[in-house]
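Shared between the two complexes below is chain A, which pairs with chain B and chain C, respectively.
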Partner chain A sequence: KRRRLTMADILLGVTGKDYVLLAADRSAARSIIVFKNDEDKILELDSHKLMATSGPQGDRTNFGEYIQRNLQLYNLANSVPLSTHGAANFARRELAEALRRSPWQVNSLIAGFDKKGPSLYYMDYMASMHKVDKAAHGYGAYFTLSVMDRYCVKDMSLEEGLSVLKKCIHELQTRFLLKCNSFILKVVDKDGTRIIDMDGNTVEPPKPKTFNKSDDSDSKADE
Partner chain B sequence: MPRYDRAITVFSPDGHLFQVEYAMEAVKKGASAVAVRGTDAVVLAVEKKQASKLQDSRTVKKICKVDDHVCLASAGLMADARVLVNKARLEAQSHRLNYEDPVSVEYIARYIAHTQQVYTQSGGRRPFGVRTLIGGFDQDGTPRLFQTDPAGTYSAWKANATGRNAKTVVEYLEKHYSEIKEMTETEAVKLAIRALLEVVESGSKHIEVCVMTKAGSRFMGDEELEKLSKEIEKIKEAEKEQGKKDLQ
Partner chain C sequence: MSILEYNGSGVVAMCGKNCVAIASDMRYGVQQTTVATDMHKVYKMHDKVYIGMAGLATDMQTLVQRFRFRLKMYELREERKIKPNVFANLVSSMLYQKRFGPYFVEPVIAGLGDKNKPFICAMDLIGAPVYTDNFLVSGTSSEELYGVCEAMYRPNLEPDDLFETVSQCLQAAVDRDCLAGWGAEVYVICPDRVIHKTLKSRQD
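The block that comes next holds the complex of A and B.
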């Protein structure tokens, strides 16, 4: 059975005066099963770039990591980081060349901050790409694009951008059939990328699950 | 003898691979490079040979970053070094993609050495005329220093030098390395520069220094280098005076 790109992953993005804000839902699910509720779908491509991806998990992670590693190679080999425009075009070309062979079923949003300021690129699995101020992928788009159109203004501050995103998420939680309790929010600005919560406070990156006895807090409880 | 240095795949009757040995001669003609491994730092220092006054020496990079935690200095044919560094950089990222872990210094040294060896065994290709000094930190925080040569051998070192007048520099390192009780970052930098200044003119125009710590790598700025060079000159003056006194 061929893996199919469903539209259930929610990816949102808004550009403000000097930042780009990305939000992604945290559930990893296929068909009627939810695998986990703490999936991080927003990759840090480098210090000032984020890429939110949606699609079957294999393609999603493989494509994302492939782009991430190639960007790191570029940075090291050229001592200068690639611009957001360059990175987005690189990713798009990879999608385009694979399209007629073995397509990546990955929709993505690439956000970055470089010399030209903040920028957001909407890319879909057929390798179409647009530079936009606000974007959304999947079913979530049907609910949130109208909210963004209504409330987004030019040169928004981070607080204003967050309030728009809050309204989008509220709309999804009210009207979208699939439960979307938690979202991961990441912002990229001149200082780089960071994870934030709904109020704009920086949050520690989620600790990866380890299996060492000394690290696992559960085992400490047993002692 | 001359009949056995044509194709590198041929051994000479007395067991030499002449092309490899000639490659080592090319290394001996290159600008000097020194490396010192301390307890919490690895220092790479190279001689900056300025080809002409018109050349912008900042664009001539002899110390290259292979990954965030590994740097490479080389002596010999710089074009060959560039090819090796590009291969190493690709392998470093490939490793990260496949294993989700950065390479260990030993892994990348082994990879470069393996690449150099392949070019001594396949027909039609000449060996790389480069000897590399690879310094960096493993994930557990241990500093490492390796050296590879045109034959494809690699080994770990506490301190080493290559290129022109390497013998003098290595002798200096052998004499003074064990004198230093604790090889901190500052001590390692000083030793590396002291050793290099045995065969190179002093001043930031003539040397380039890369200091690696657990946090990453940084190239020493001109001001810092000038200051250190002056300090070390004084130490060397004192050494010379001491040497004269010892003779008397």
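The block that comes next holds the complex of A and C.
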């Protein structure tokens, strides 16, 4: 059976005065099985761009990495990074051309900070793109868009943006059927991208899991 | 739900006296969810040719990029701007090229042709054109638009009257359609200027 795009992945994004904040849930699950609870769905496309993706794991990671690597190629070839609009347009083109061949079932949010300031682009899996101030994908959208409409204001500070996202996450944890315990929050501003926690403090990027026997603490028990 | 109703839209074009008006709603929705309220569906091709597209947003965006490319090539080769009837023919053939895997858009073209004669044309998704001298409609609210335009349209309206008529027609029609609305954008194309207004309508 073909992998189907489910709506269970939660992606949220808000734009503020000089930053864009993206949040994604951390569970990778299909059907009734949860594969892992520490999945990072927000990809750093380059120093000042983020792309949050949702969809079947293969499509999601494949598409994200494809866009990321092509943007890095552009950077190397032209010695200047692409603007956020350019990057979003490139991603849209790729999705649109694949739409009638072998479509990627990836919904995404592309956020970036460039000369024109912060911008957030909502992109459907069918490649319809729109620049927005606040966005959400999937079932999460049904719960959070109205919260964002109510509490988001123009030119928000990072604290205000975080408080809106906290309200959104609280709404999801109260009313959404699927358990969404942890979220990964990333912000992009003039200094680049960074991972933050709910209070706005920068956190270290999660260490990638290694598979060396020496690193595994369980192996010491075997000795 | 039909693929043409996935995003939702209402587009109308009307002829007046030496002017044409083209208007659309501004909702960007994904089925029943409204994502944004500032989506343009009417695009300027050049000063005297505008195209409004109703249907699937992704195909609308792809087609706008393709039309702009073809128009730039036309202008390079011909060293003049394309006429609206020629552009309508171009749109029609580009849509028919995809006859067995079509773009899901139903465009409406409005412009001023030779001697600033008003020109409007609408097509279905495979490029079958219809030319009239009164009004043409497209989108999920097309049936509502037919009714209200038929009632309110009069020939040879001056630009300001035409603007009023088109605005009232569009707003009345999209108010009855849940998939269209959330603002409206009207262009009135006259020989010497283009009046562009954004209307704040019922935000539901």
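One rule holds for everything that comes next: the second predicted complex is superposed on the first by the 212 of 223 C-alpha atoms of A that agree within 3 Å, B and C clash if a C-alpha of one lies under 4 Å from a C-alpha of the other, contacts with A are read in each partner's own complex, and residues count from 1 in each chain.
Here is the rule we use: a contact is a pair of C-beta atoms (placed from the backbone, for glycine too) under 8 Å apart; a residue touches a chain by one contact, two chains touch by 3 or more.
The model shown is predicted, which means the values in this text are computed figures rather than measured ones.
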Checklist entry - Does chain B (first) or chain C (second) touch A:Leu99, or do both, or does neither? => result second
Checklist entry - Is A:Met129 contacted by the first partner chain B, the second partner chain C, both or neither? => result second
Next on the checklist: Quick check for you: in the superposed arrangement, does A:Ala141 touch first (chain B), second (chain C), both or neither?
Outcome noted: second
Next on the checklist: In the overlaid three-chain picture, which partner chain does A:Leu120 touch, first (chain B) or second (chain C), both, or neither?
Outcome noted: neither
Item to check | Touched partner set for A:Ala77, first chain B, second chain C, both or neither | outcome: first
Next on the checklist: Under the stated touch criterion, name the partner, chain B or chain C, that contacts more residues in chain A.
Outcome noted: C
Checklist outcome for this item: Both partners, chain B and chain C, contact chain A at residues none
Item to check | In the complex, chain A residues that touch chain C | outcome: 92, 95-96, 99-100, 122, 124, 126-130, 132, 135, 141-142, 145
Checklist entry - For chain C, which residues are in contact with chain A within the complex? => result 6-7, 28, 30, 33, 35-36, 39, 56-58, 60-62, 101
Checklist entry - Can you name the residues of chain A that touch chain B in the complex? => result 65-66, 69-70, 72-73, 76-77, 79
Item to check | chain A-touching residues of chain B, taken from the complex the two chains share | outcome: 65-68, 86, 89-90, 92-94, 96-97
